[in-house]
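Look for chain A in each of the two complexes below; its partner is chain B in the first and chain C in the second.
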Partner chain A sequence: MAKEGGIYRLMATYDKRWVYVVLFIVVLGPLINPIGMPIGISALTKNYYAQLNTLQEGDIVFDTWNMEFSGYMELKPGVLATHKMFIEKGVKLCIAFGHYEGVALPGEIFKQLQTWLDRYDYREGEDYIIIGYVFPNEAAVAALAQDFHANVRVDWKGNSIEGTFLDDIQNAGDFDMISDYTTGLATTYMINHMVLQYGVPMVENSIGVSVPGHLANLDAGLLTALLASTRGGAELEYLIGSPGPGLKSMDAFTLGHYSLMIFIIVGNIGHYGWTRRTGAKDRTGIK
Partner chain B sequence: MTVLVVSFLLVFVPYFIPWGPLDWLSGKLMTIAAVTNAFTIVIAVYSQFRRSGRFIREKRKGWVYHIYLLVLLAIMTLSGFILGQHAGAYEWLLLAVVTPLSSVIYGILAFYMASAGARAFRARSPQAALLLVAGFIVLLYQAPLTGAFFPGIEGAATYITNTFGMSVSRMFSISVSIGAIVLGVRMLTGREVAFLGFTEGEE
Partner chain C sequence: MNEFLQFAAVVVGIFISFAMYTTLYGKPNPLRDWAEFSYLGAATGVSIVISLTYIYNTAILGIQAGDWILIFSIIFGLMMLFRMHPDYSHVSRLPLAFTVGTGLALSLRTQIFTSFIIQINATIVKLWTGVPLEFLYRLTIAISVITILTFFLYTMELSGPLLWTSKVGEYLMYIGFGGIFAQTFMGRLGLFVGYMESVTTPSWKVPYTLASAVICFIAAIIFDRTGLGQKLSAA
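Up next, the complex of A and B:
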């Protein structure tokens, strides 16, 4: 394999399965046995934390779980840390799903928050109401934004929402904040029909690949804060002083990134050395 | 076409002229649209059964998977309708089958993305070298440990994402929006009729 071009060719054309094996080891190792490396707190997360701190007891937040279960695994630290802040502050939550898999999420999320629910006596029906999967498309978001009670009369278990804190909500403008956790489902619809139309402040917890797109929304003032992926969640856990799954996964996160960088360096040294030595013009991707 | 134009105006105009009765009418129309949209799932299920049925009848490549698909579709739909979304059996199907599979597919992406990243970041030209340097700085910043020892990396990474990255992201958003507006205008003026089920020249 390494006849023409020698070691450089080997470095430039390493088998991609090496990437898989190394990544698997450096991610699995720290997850089983965390090292506890220090982390830096980004300005984005500090701003997110500050925005949540503007909420007062009794404020009503439209809490939209725009994620599938797979996306939840990436957003989990941010979701849990944000809800710990909501529960501690006594904020009222109107929880909606943007995906049919959302029906599996409350059991999982509230099980993780059980200690906090018990500590602050935070109850379904009084402090939070789950209205279920109400965002199948943009028309539904627009309709709900304009006339909440015309579109939602019962919670996800079929109980009437009359006589609850949701009586105060006539349209999207009556919410004090929108807190969205997204893999890219109904978020743009909510920006179009709730933020632009009613001026409700909206904070976003987004998966990594959607962060660049949401940074533009943040810069334009459409979002007031952005929590970026698992790392943002870990930073929020640190800020609220409640370590969780995010901080536990940061060692794996760090080592995963560094190992990828090593593969990139190795590949480039190989590419440079091989093409310089042999004058080869061939593409030197990994196999 | 008339229905389309009137419906469009009823929803579009209240954004610029807030008038009570018009707002009410627009709200009603959107609620009707939302409810009607929810029923389209029935059409989706019907279409899937028809398509898979054709695959199975003609024994095309992968026809066995279509049987598997229809059986699972039937199980999830029937258990949801008969038992309800809060029944133990339905929740079990969701939590023990659907959600782990969904998470596994998502997790596997990390390996493909890492391998694709390692392959893409090669300094084959001056432009590629610039991309490599920018990508490397952002990647270095994304590793949580880096920020703890080199806080200055955040400034460099933020500069790259807030200037080059954001300009491209905005260009993409603006292009998509303009495309959507153009499509909307074509639909309203009758130049685009495929969405109504007509082919070119037929109306």
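Up next, the complex of A and C:
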């Protein structure tokens, strides 16, 4: 297999499917047998935690699940830890979805929060209301921000929202905070039509791919706090003293990152060693 | 019965996910197609139901409550369906134009602030605030913005100091791309780790996860070696 170029060629041209096999092993191993590697708490997460702590009992939070089921897998630690804080504080939640797959999420999320719901007697209809899929496009977000009750009359089960804590909401400005969990669906629209227009503080729990973009919004003051990916969720779990899926995943994360670094180093050594030995000018070592 | 159904859904879900992962093997196989089409079918079904529910909750209930202007939304929505008929597809242009127009208007009104003016305001800030680390951050942002902007000066030949600043800008962009790639990898790994965490917790799922992974992996190899993958695959 190595032929001309020896070990260097092998290092540069090994079958890329080995990367998947190694990643599968280094992720699965620590999840089954956790190692317990240490983690630090970033300034971003400390700020997110501090912002959530500004909420008082009875405050109404617009809790927007702008994620598909796949995105939820990455955001799960942050979603669960944030909701534990909301439940503990007695915050009222108006939950909306930005994707039709959102309908599968309440069952999954509240099942995992059952202990907390029971402990604080936190009930649907009284403490939280799920208004369902309400963000198909920007016009819908803008309309809802302007006149809440003209756009939302029933919850996701078809029950009227009249006579609930949502009577206090006339427009987006009546929410005390927006807590968004996003893979990038209606989040920009919400920043445009709720934050910019009504000045509602918005905290964001974002998937890793979107973090650089949201950092700019945080810097510009459009977001008040940002929780970055699973890592942020794990840090929040640590801060609230309730270990969950995030902290459990951190070993797998760390080993996954180490393996990528090793693959990059091996590939580069192989490429340069191979091209130097053979005098080849071809810059594409990967087959 | 209910518990058994939940158990079956979890086990089938795990198996379908690993069937989907066989795409990483790089060769066509019917297992992956089955998983993919199952997802597409289920997702389409759910999206239709949810969209109809949205129309009912927003438009129909709105009209019943006296918001008669929503009748136009229903008419426009129905006109959109004419796209499916080649002879009458032109009817759908009106609601499409209306949708594009309102979308643009809504977007332009706000985007100019959130993506442009406010972002520029956030960049033009006092460098020294009394905190050395903050000074370093702000200085880095200021230098990066200025040097990278000079890299994108196209209307003149870059020479002298501008050539140097554009070079610095170019390398700063490389550093930025590296940072974004690392963040992207973390995000993609996060999806995978999150999924793997969900199929290994609680621990009774572990044997089903491992069995599904092994079965799907072996099946992908067999389909490849026997040539059945190519023959039976829909692709």
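The rule is simple: the second predicted complex is superposed on the first by the 285 of 287 C-alpha atoms of A that agree within 3 Å, B and C clash if a C-alpha of one lies under 4 Å from a C-alpha of the other, contacts with A are read in each partner's own complex, and residues count from 1 in each chain.
Simple rule for what comes next: contacts are C-beta pairs under 8 Å (C-beta built on N, C-alpha and C of every residue); 3 or more make two chains touch, one makes a residue touch a chain.
Everything numeric in this text was worked out from a predicted model, so none of it was measured.
Student: Quick one: classify A:248 as touching chain B (first), chain C (second), both or neither.
Tutor: A:248: touches chain C, not chain B.
Student: Taking the superposition as given, does A:219 touch the first partner, chain B, the second, chain C, both, or neither?
Tutor: Both: A:219 reaches chain B and chain C.
Student: So in the superposed three-chain picture, is A:150 touching just chain B, just chain C, both, or none of them (first/second/both/neither)?
Tutor: Touch partners of A:150: chain B and chain C.
Student: Per the contact definition in the header, classify A:101: touching chain B only (first), chain C only (second), both, or neither.
Tutor: After superposition on chain A, A:101 lies in contact with both partners, chain B and chain C.
Student: Figure out whether A:20 sits in contact with chain B (first) or chain C (second), or with both, or with neither.
Tutor: both
Student: Per the contact definition in the header, classify A:76: touching chain B only (first), chain C only (second), both, or neither.
Tutor: Second partner only, chain C.
Student: In the overlaid three-chain picture, which partner chain does A:231 touch, first (chain B) or second (chain C), both, or neither?
Tutor: both
Student: Which partner does A:28 contact after superposing on A: first (chain B), second (chain C), both, neither?
Tutor: second
Student: Just checking: does A:256 make contact with chain B only, chain C only, both, or neither of them? Give me first, second, both or neither.
Tutor: After superposing on A, A:256 lies in contact with both chain B and chain C.
Student: Which chain A residues contact chain B in one complex and chain C in the other?
Tutor: Residues common to the chain A contacts of chain C and of chain B are 20, 23-24, 27, 70-71, 73-74, 101, 103, 136-137, 139-140, 142, 150-151, 197, 212, 216, 219, 231, 253, 256-257, 260, listed in rising order.
Student: Report the residues of chain C in contact with chain A in the complex, numbered from low to high.
Tutor: Going by the criterion above, the answer is residues 24-26, 43, 46-47, 50-51, 53-54, 57-58, 61-62, 65, 67, 99, 102-103, 106-107, 110-111, 113-114, 118-119, 121-122, 179-180, 183-198, 200-201, 203, 206, 209, 213.
Student: Show me the residue ranges of chain A that touch chain B in the complex, using the header's touch definition.
Tutor: Touching chain B from chain A are residues 16, 19-20, 23-24, 27, 37-43, 68-71, 73-74, 101, 103-104, 107-108, 136-137, 139-140, 142-144, 146-147, 150-151, 156-157, 197, 212-213, 215-216, 219, 231, 234-235, 250, 253-254, 256-258, 260-261, 263-264, 267-268, 271-272, 283-286.
Student: In the complex formed with chain A, which residues of chain B make contact?
Tutor: Checking each residue of chain B against chain A gives 11, 15, 23, 26-28, 30-31, 33-34, 37-38, 41, 85-86, 91, 94-95, 98-99, 102-103, 105-107, 110-111, 114-115, 117-119, 121-124, 132, 136, 139-140, 142-149, 151, 154, 158, 161-162, 165-166, 169-170, 172-173.
Student: Going by the contact rule at the top, pick out the chain A residues touching chain C in the complex.
Tutor: 17, 20, 23-24, 27-28, 31-32, 70-76, 100-101, 103, 132-134, 136-140, 142, 150-154, 158, 188, 191-193, 196-197, 207-212, 216-217, 219-222, 229-231, 245, 248-249, 252-253, 256-257, 260
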